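Several structures are given next for inspection.
In what follows, subunit A forms one complex with subunit B and a second complex with subunit C.
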Partner chain A sequence: MTLSSIYIEQKRNLKSVEKRLEVVLQAPDPILKEASLELLKAGGKRIRPLLTLLCAQYGDPEHDQVREAAVMLELIHMASLVHDDVVDDSDLRRGKPTVKAKWDNRVAMFTGDYIFAKAIELISDFNNEEVHLSISKVIRDLSLGEIDQIKDLYNYHQNLRVYLRRIKRKTALLMALSCQLGALASGCSSSVSKKLYYFGYYMGMSYQITDDILDFVGSEKQLGKPAGGDLKNGNISLPTYFAMNVFGLKDTIISALEDDSATDLKWNQIIQAIRTSGAIQASERMSDAYLQKSRDILDQLPQIKVTQSLKEIADYIGTRNY
Partner chain B sequence: MNLEDLTYCLGGTVLSIYEEAELVYHQLLHEMNHPYVQKNMPKPTIDRDKLMIYYLMFRHSETTAMARTCAISVMLAEIGLNTHETMTVSPIRDKDVVKKRQLTVLSGDFYSALYYYTLVRHSKREVVKWVAEAIQNFNVQKSRFFYGKASLNWAQKIDSIRIIESALVSKIATQLGYAHFIPILSNFFLIKRLLVEKRKQENADRTSGYLLTESGEEKATLIKKLETEIKTKGDQFVDTVNTLENPTVLLSQITEFLHRRERKIIEGC
Partner chain C sequence: MTLSSIYIEQKRNLKSVEKRLEVVLQAPDPILKEASLELLKAGGKRIRPLLTLLCAQYGDPEHDQVREAAVMLELIHMASLVHDDVVDDSDLRRGKPTVKAKWDNRVAMFTGDYIFAKAIELISDFNNEEVHLSISKVIRDLSLGEIDQIKDLYNYHQNLRVYLRRIKRKTALLMALSCQLGALASGCSSSVSKKLYYFGYYMGMSYQITDDILDFVGSEKQLGKPAGGDLKNGNISLPTYFAMNVFGLKDTIISALEDDSATDLKWNQIIQAIRTSGAIQASERMSDAYLQKSRDILDQLPQIKVTQSLKEIADYIGTRNY
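Up next, the complex of A and B:
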């Protein structure tokens, strides 16, 4: 089973999620509607809804709440992207103008808040305390993770634990929740939903580390933005952390980060130095370690077809190049 | 029963409604505490009048502790939206200013996240839904106000501001069965906002206001229009309060509180 065959198999369900998203995002104001729908049409891998739909197969995947959970998760992700583009001052996402670039920061605030409130409204009908406790905690931690990221900008002395906590909050928890909600919404036992939570969590950690690696090794075409953007913005991600603390590039990197007039040439030299320092391989090893943990969890679950699909997704995370 | 008679017994100590409200306010500050945000951002504006109104309304249908939780949660949502209100649109380069803008987005998100987090921990899912619906309406109205194709005349602008400023409080009042309070509540919060707009004009503060001088319009003319509007709305407010027939206990308490506050706010200007 390949990743594309998983997508093909889930095509009907993903289409249903997409349709529901389109209905939910019909805002009664033309600008909010256009901004929301453009965001939806910009596409994306829909990895979170896919995980929810797959994990629901450990229970009753036809349960109404499964699709609503998948829709809610994508809405939360979309809302955070709109606001992230203001935070990062990004004009392009997936090669298309962001809401803040097409309109302005204020419209991006309205749109993000609107979509977030839509997600909460949708989920408020769920009659399961455990679901609400999990979602609300993840949403809170997501915002704490984003604040941590600003707090840790240009913080050259941060340790590995700080980085890991940040990516846990920023990315892994929402992946974990995507898996857990699929299980809970389809009526799985607590034990299965807990295992799926940890599967999503470990995979999410690996996913973010891979993202951070791709920011150095990806091409502008693959990334939809120039490489090395994280570093230029003062974001010390895992490859930078290793380059500074293990591979002797600390002084070089700090001097560039502290130089407001650093040229593109200088940045390109530093990015190249990080690429060839061994930091990328060290980051890949850490990503692989998380992936292995996620595979270990899958070994503890019933060995049904969907378990193989989840293994395939874990493999994709480890090898993706965009 | 008037406001002074409203009391609450806490560990053997009888508190007045104002002391209770003070407790709620401090608990709200505690809930929204984030050391890094606090260190790097101006203190968010907390409309204590709104907090009091939420508390009085919830207190009528909930236990005191639950009323406190609900009032705090709804205020967190209000503060989240108000924080995003301060978002600027012009390009900036200065690192500190960039950081402030980033934290404006993220602290607003943090407060919004807390509203859901707090209510869920007290199993108040129905309130979660009311607030989520009100936030949607707030953003729809805001987008229409600032980016709508049809240009609004003065009366339409004032009416839109009234709707936006009381979007959450009107929703909560409706859901709790107090829809008939809305004219009084929305008028009061409109007057408060118009006073803020007037102050912004007087101080040439161009951040996050509703009303900017239009081409050819003098600042003095806009201030004059605002003064007239504040006077008219103030008179309407007093008339409404004075002509209430057989108000319920809660409505009497709320109008008494708002009437006092309105006089104080107007006198303060």
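Up next, the complex of A and C:
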């Protein structure tokens, strides 16, 4: 079972999610509609809906609420991306102009609010208190993650715990929820849904660490934006943390971050120094440790076909380069 | 029963709502906490929680969910205010600097997102599908109202329907929900809760029209900001609509709105012209018509003491000057 065969196998379901997203995002206002549908067309790996669909195979995958959960999770993800781009002042995502770049912050704000409101509408269809509680906690943590992203900028002295909490809020909890809801919506037992939650959580931590590594080692083409962007914007991610605190680059990095006139040449030298410092390998080790935890949980689940698919996804997370 | 005696009677309950708001808004981040608590201290009439508490008297007002509903409604209102100030580019609200003015748009965005997330957390405690559906529809419409506020700016040709839809989304639906949830949370019948919904809806329409009138006739001290601000910002509210389409001021108003160098003197002349044109009286008549509809609904409800209080509130809406 390779990753692409998983996508092929889930093609019909993913297409159905995509169609439903398109219907849900039919907005009554032309700008809003255009912004929403562009976000949709910009694509992405739809990893959250995929996780939901897969985890639903531990129960009854044909249950109506499975697709609705997948759609709702992608909506929450999209809404948070639009607001994140305002917070990060990002002009490009996946090689395309962001909503806030193409229009402005106000449009990005209301587009995010609208997509989020549509997600809330779908949530109200779920008749399960556990589902409501889980979703609302993740929403709260996503909003705290937004704040972390600003608060932790240029904070050179943040410790590892602060970084890990940030990526947990920003990424891992929504992946955990994607797995958990797939289980709950398909009628799995509470024990299976809890395990899948933790599988998604550990995998999500690894996923975000990998993202943060790729921001240093990826090419502009792979990333859809120039490499090293996180660092230049003052976002101290795991490779930078290790470079500063373990591999002796603290003064170099701080002086560049505090120098408004630092040239591209200077930045490229620093990015190169981080790449070769050992910080990337150290980050990869941490990503691998999370991945191993996610695999361990899979071992505790029924060894049905989908367990193999989830293992494949974990392997992909560990090796992906885009 | 005067308005102040209603507030006095509900003092204990409102204080309890206020305390709960303060607890809920204890944020883990200092800026967020400060911004949230300042919003709370800026006060406001707490008309939404008051409506919820009053409408709960048609059922069992001691039900736990009554206070939670009141708190949740005020949170949704606060979150939408913070985002509205970004959309409107407003620096002052109730005479105090807005979050976006004191910090910036990004802080306003995440503060609104956070307060909204806290509201969602409270919603998840309600175990009633009708409640969830009602809330989610209002949230969607509030987000559409945000967009209307931008889309309809400087749109001189908007008809009355567009204005009414905008204030419905922006104000009336949340007031309708405040009444409805008071009823549902206290265990009222569906028939009573529906009536209270419409009472809140009609009253909310009147409330917003009155707000829009006050923006022309109120003093800077009463408004907490200079008069005529809506018009200067291109917001075509009901008095402007009437002045343009019924009282012959269309060309005067359009030429001022299109003149970036229009002086304060010029604006004051126009505001004075609108005040004396008959547009204010025409707007008041429309507000009164909505108010009468809300009173008619009260006549259909059990004539208990709280019905008298709601009549008092409707009378206040019709005469308020702040």
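Following the convention adopted for this analysis, the second predicted complex is superposed on the first by the 322 of 322 C-alpha atoms of A that agree within 3 Å, B and C clash if a C-alpha of one lies under 4 Å from a C-alpha of the other, contacts with A are read in each partner's own complex, and residues count from 1 in each chain.
As a working rule, contacts are C-beta pairs under 8 Å (C-beta built on N, C-alpha and C of every residue); 3 or more make two chains touch, one makes a residue touch a chain.
These numbers come from a predicted model, not from an experiment.
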Have a look at subunit B and subunit C on subunit A after the superposition and call it: clash or fit. clash
Go through the superposed model and pick first if A:32 touches only subunit B, second if only subunit C, both, or neither. both
For A:142, decide between first (touching subunit B), second (touching subunit C), both and neither. both
For A:113, decide between first (touching subunit B), second (touching subunit C), both and neither. both
Considering only touches as defined above, state whether A:103 meets subunit B (first), subunit C (second), both or neither. first
Report for A:242: first if it touches subunit B alone, second if subunit C alone, otherwise both or neither. neither
Per the contact definition in the header, classify A:290: touching subunit B only (first), subunit C only (second), both, or neither. neither
For subunit A, which residues belong to both interfaces, subunit B and subunit C? 28-29, 31-32, 83, 86-87, 105-107, 109-110, 113-114, 116-118, 120-121, 124, 129, 132-133, 135-137, 139-140, 142-144, 146-147, 150-151
Could you please specify the touching residues of subunit C with respect to subunit A in the complex? 28-29, 31-32, 83, 86-87, 105-107, 109-110, 113-114, 116-118, 120-121, 123-124, 127, 129, 132-133, 135-137, 139-140, 142-144, 146-148, 150-151
For the subunit B and subunit A complex, residues of the former touching the latter: 34, 36-37, 80-81, 84, 87-89, 98-99, 101-103, 105-110, 112-114, 116-117, 120-121, 123, 125-126, 128-129, 131-133, 135-136, 138-140, 142-144, 146-149
Seen from subunit A, its contact residues with subunit B in the complex are 27-32, 80, 83, 86-87, 89, 103-107, 109-114, 116-118, 120-121, 124-125, 129, 132-133, 135-137, 139-140, 142-144, 146-147, 150-151, 153
